[in-house]
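Following are the structures in question.
Same chain, two partners: chain A is paired with chain B first, then with chain C.
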Partner chain A sequence: MKATLRKIGALLVKDAVDMVKNPTMIVCIVMPVGMAVFYRFFMGEMGLGGPLRQSVMTDVQPQLASMIEYIVLSLSLCMAIGMGGATSLIYGLAEEKEKHTLRTLMLANVTAEQIVLARGLVALGLTVAVEVLCFVMSGASWSLFGWYILLGAVGTVSVILLSLVVGLASRDQMTAGLYSVPVLLLVLAPVFGGFSPDIRAVVRFAPTGGVDELLRLVIANDLTLAAAWVPLVVTAAWIVVAAVAFKLLYRRLLRDN
Partner chain B sequence: MQGARRTAFFLEDDGGFDRDTPRSYLRFFAQLAAVSPAMANDALVHFGLEGCAHTLVAKLSAEERALLGFARMSLFEPEVCFCERPLLDLGAEARALVLAWIAERSEAGTLFVTVGQPLREALLMPGRAFWEEEGRLFAAEVDDGTSGEGAGAAGEPGTASAPGAGAPTDGPEGADVFDEVRVCKIAAKAGEATLLLDPREIDFIESANRVNYASVRGELYPTALTMDELEATLERFGFFRCHRSYIVNVQKVSRVERYTRNTFNLVLSDAPHTSLPLSKGRADQMRERFNWR
Partner chain C sequence: MSAMALSMEAVSLSFGAKRVLDNLTFSVPRGQAFGFLGLSGAGKTTTIKLLTRQLTCDGGRVTLFGRPIERATAADYERIGILSDTSALYDRMSIADNLALYGRLRGASRRRVPHLLERLGLAGDGKTLIKNCSKGMRQRAALAAALIHEPELLFLDEPTSGLDPAARAEVHKMLAELRGRGATVFLTTHDMAEAETVCERVAILNDGSIAACDAPDALKLRYARNCVTVHTRTRGTVECAKDAIGGARIAELAAAGELLSVHSDEPNLEEVFLELTGREF
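Up next is the complex of A and B:
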């Protein structure tokens, strides 16, 4: 047990330090935060951003304010999960496979479980950190902070599990670029729900659809058990599906390295 | 797991973490191996990597990367060590470092399994060497330190000994024909052409896969002569049978290295600083013959 914890600790530090040094990972952090800032001021330019600033809150209907708050937070949440939980993980693992460093680790008595656990935890930490930055930059009410981070962390779990599978299935960074597109589209799907009710009816079943719907309910102050049970079930179902896929595939994919 | 042995692996395409430095890389593996960071520093120094300790792994040369791989393995104090082409990217100095470490670990009881080519690299490793042909493994000749005897011994090349296919044109019996021009050329094949090699150009003769090759400026040319014929012909030009499978041009030897009581190598002064095996018995013969003290 002590040896396991020592190895996981070493892997966590290595992966975290490597993530900071990796230019691709910097993009994963900058993009969602940049989008949060852009949307905040883009809407402000169009005369819709005012509600986000306390000084003009009284001039705008509270429903409109919460709608804009939801759009900015929903986008930044999905972007943070997509970039921090999916892209960083898929590219990171693909790079390790391409350069055979995963094999080096496994031949140095590090188990597959230790490697993926450390990777997953670092991706979760990165996603939460990006979510915090996004929230700060969005200018949303601090009363939503706890919910935003909680929903972000829960929504990341299934995406991390799926991304571990996709990352391990990628031969190199080139294939990672290809494989990460559908994952990213699935994660960002709730953002497109605002375009029409029909699209919304479909994307609410995406991996991040559940937490996105819960975020909308929280912002609109409509969070009740009756309204929350479907998004909760969707989120839980994705976690179960991703966990089963991960359990079935990760060992075989790591062996192929 | 009871009975499990500590293992370490060195694979040809091991890349290392590009954004690490040798120092951080070895410290990470020291943590995995449950040894102190001081040992990582010791490994860094032992394998001559202190000069690039803070350079990114991505910017290391192939030789430095290979040394980093050996430094990593040394942290685990392995009982079994698998190495794929361990000497491939190493120059003379680095090769000496690695061979010394392998000899030291081997004496300490580590079992080494190495694969690679050419055969002479395998023969520099501890233990027995095998060569592979059409999916079958053949034991390379065991050198007991006695030279020349046992013609036709297992693995003795002697292929294609066709008449006139490069046999020496001069012999000791010709000593009483004073006005005859004494010519000695070693015939070797290069594609369709037959090369007539001046013995002074030849760095060494290698026997591998039942074919004998003359090495000239880093190129290997197959010759139809047997090792015994080549030894007899080349002896008077300063060649010495340092191993059953090798005849070396002693004039080209720049250094004799000794790693353990029974492990010797000859390092040549050719461009790649080729290392050739030298068995203990033959080392004594060589010393006597060339009057080295």
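Up next is the complex of A and C:
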């Protein structure tokens, strides 16, 4: 147990340091935060810092204010999960496979479980850190902060498990680029829910659809058990599906024959 | 405690229709340096992969420290160090940071990092990022990572490829020290001189099966010609059989004051290897 903790600790430090030095990971952090800043300051009246929000916040159109807040937070939440939880993990693992550092680690008596646990925890930490930055930059109400971080963390779990499988299935970073597209589309799907009710009806079943719907309910002050059970089941179902896929596939993906 | 560090018994492995290893049988006692020689594609790396549980064989029995490999424990693997053909360190980390990482993973003392850097001629390069290292520096750093926990059993797949003669000699010296402490070394190499220098016993692998397995000197004697070459003062070069008649002939030449030198003409390990693998210069 002591040896296991020592190894996981060493891997956590290595993954965290490597992530900070990796240009791809910097992009994963900058993009969602950049989007939050963009929406806040450069989208004119639609932004949370814009004059429209200032007016609607003065009891003229409180529902519109909620809607704007939801759009910005939903976008940044999905982006943070997609970039921090999915892209960073898929590319990071693919790079380890491409450069044979994963194999070298395993030959140093580090188990697959220890490697993926450290990677997953660092990805979760990165996602939460990006979510905090996004929230701060979005200028949203601080009363939503706890919910935003909690939902973001829960929504990241299934994405991390799926991304670990996709990352291990990628031979190199080029294939990771290809394989990460469907994962990213699934994760970002709730963002397109605002285009039409039909799209919303479908994307609520995406991996981040559940937490996105819960976020909408929290912002609209409509969070009740009756309204929340479907998104909760969707989120839990994705975690179970991703965990089963991970359990079934990860050992096979780490073997040579 | 088993006297054998590792063994293979009638091991076979196929990739699709291609038979890669066929009825492979050998064992390596503890504390021995064992060379595994073969042409590219002969199955050397595949054998290391089987011995390190990266692959599973189709048939036969593989043991590690006397235990069937399927039952080898994490503690068994803590006693092993591996430098494979694909061993790699982290590009964006320095040599010293990489070694510190592997030291932490292996539970080794921090003092091992400067010691190994010094021994492998990397003392001034500890802060160099791996991505800025030459091939030889990377190879030495990877070797240092494999040695960080002073393993009892060391698998080395072409450990000196890309190294200059001085670095190669230092690696050979380190391997001799490891053996002096009782470590077992399993070495694959194309370099027959290295095999002769480092290994007490070698196996020559040809098309997935072992063509010969013995001490290098024994192999050279086995494949030596059955005559000696005698250089004389006035009668040129004379060949004499390695028997009583040949002995008498040499004695006669010596008595006549003709004898300059006698050469047994044993082949070197490279010639034995080429003969056994059916290849020519």
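Here is the rule we go by: the second predicted complex is superposed on the first by the 238 of 257 C-alpha atoms of A that agree within 3 Å, B and C clash if a C-alpha of one lies under 4 Å from a C-alpha of the other, contacts with A are read in each partner's own complex, and residues count from 1 in each chain.
Methods note: a contact is a pair of C-beta atoms (placed from the backbone, for glycine too) under 8 Å apart; a residue touches a chain by one contact, two chains touch by 3 or more.
Predicted, not measured: the structure shown is a model, and the values here were computed from it.
S.K.: Following the overlay on chain A, give me a clash-or-fit verdict for chain B and chain C.
M.R.: Once both complexes are aligned on chain A, chain B and chain C clash.
S.K.: For A:Asn22, is the partner it touches chain B (first), chain C (second), both, or none of the two (neither)?
M.R.: Both partners, chain B and chain C.
S.K.: Does the superposition put A:Ala10 against chain B (first), chain C (second), both, or neither?
M.R.: After superposition on chain A, A:Ala10 lies in contact with both partners, chain B and chain C.
S.K.: Counting only touches as set out at the top, which of chain B and chain C does A:Ala129 meet: first, second, both, neither?
M.R.: Touch partners of A:Ala129: none, neither chain B nor chain C.
S.K.: Any idea whether chain B or chain C touches more of chain A?
M.R.: C
S.K.: Is A:Val181 in contact with chain B, with chain C, with both, or with neither (first, second, both, neither)?
M.R.: neither
S.K.: So, A:Leu107: does it touch chain B (first), chain C (second), both, or neither?
M.R.: Both partners.
S.K.: Thinking only about the overlay and not a real complex, which stretch of chain C clashes with chain B: 6-14, 168-176 or 240-248?
M.R.: 168-176
S.K.: Do any residues of chain A touch both chain B and chain C, and if so, which are they?
M.R.: Residues 3, 6-7, 9-10, 13-14, 17-18, 21-22, 99-101, 103-105, 107-110, which sit in both footprints.
S.K.: Quick check: in the complex, which residue numbers of chain B touch chain A?
M.R.: 7-9, 11, 13-20, 24, 28-29, 31-34, 72, 76
S.K.: For the complex, which residues does chain A have touching chain C?
M.R.: 3, 6-7, 9-11, 13-14, 17-18, 21-22, 99-101, 103-111, 255-257
S.K.: Spell out the part of chain C that touches chain A in their complex, as residue ranges.
M.R.: 15, 49, 52, 54-56, 74, 77-78, 80, 82, 84, 86-93, 97, 101-102, 104-107, 142, 145
S.K.: Mind listing the chain A positions that touch chain B in their complex?
M.R.: Those in contact with chain B are residues 3, 6-7, 9-10, 13-14, 17-18, 21-22, 99-101, 103-105, 107-110.
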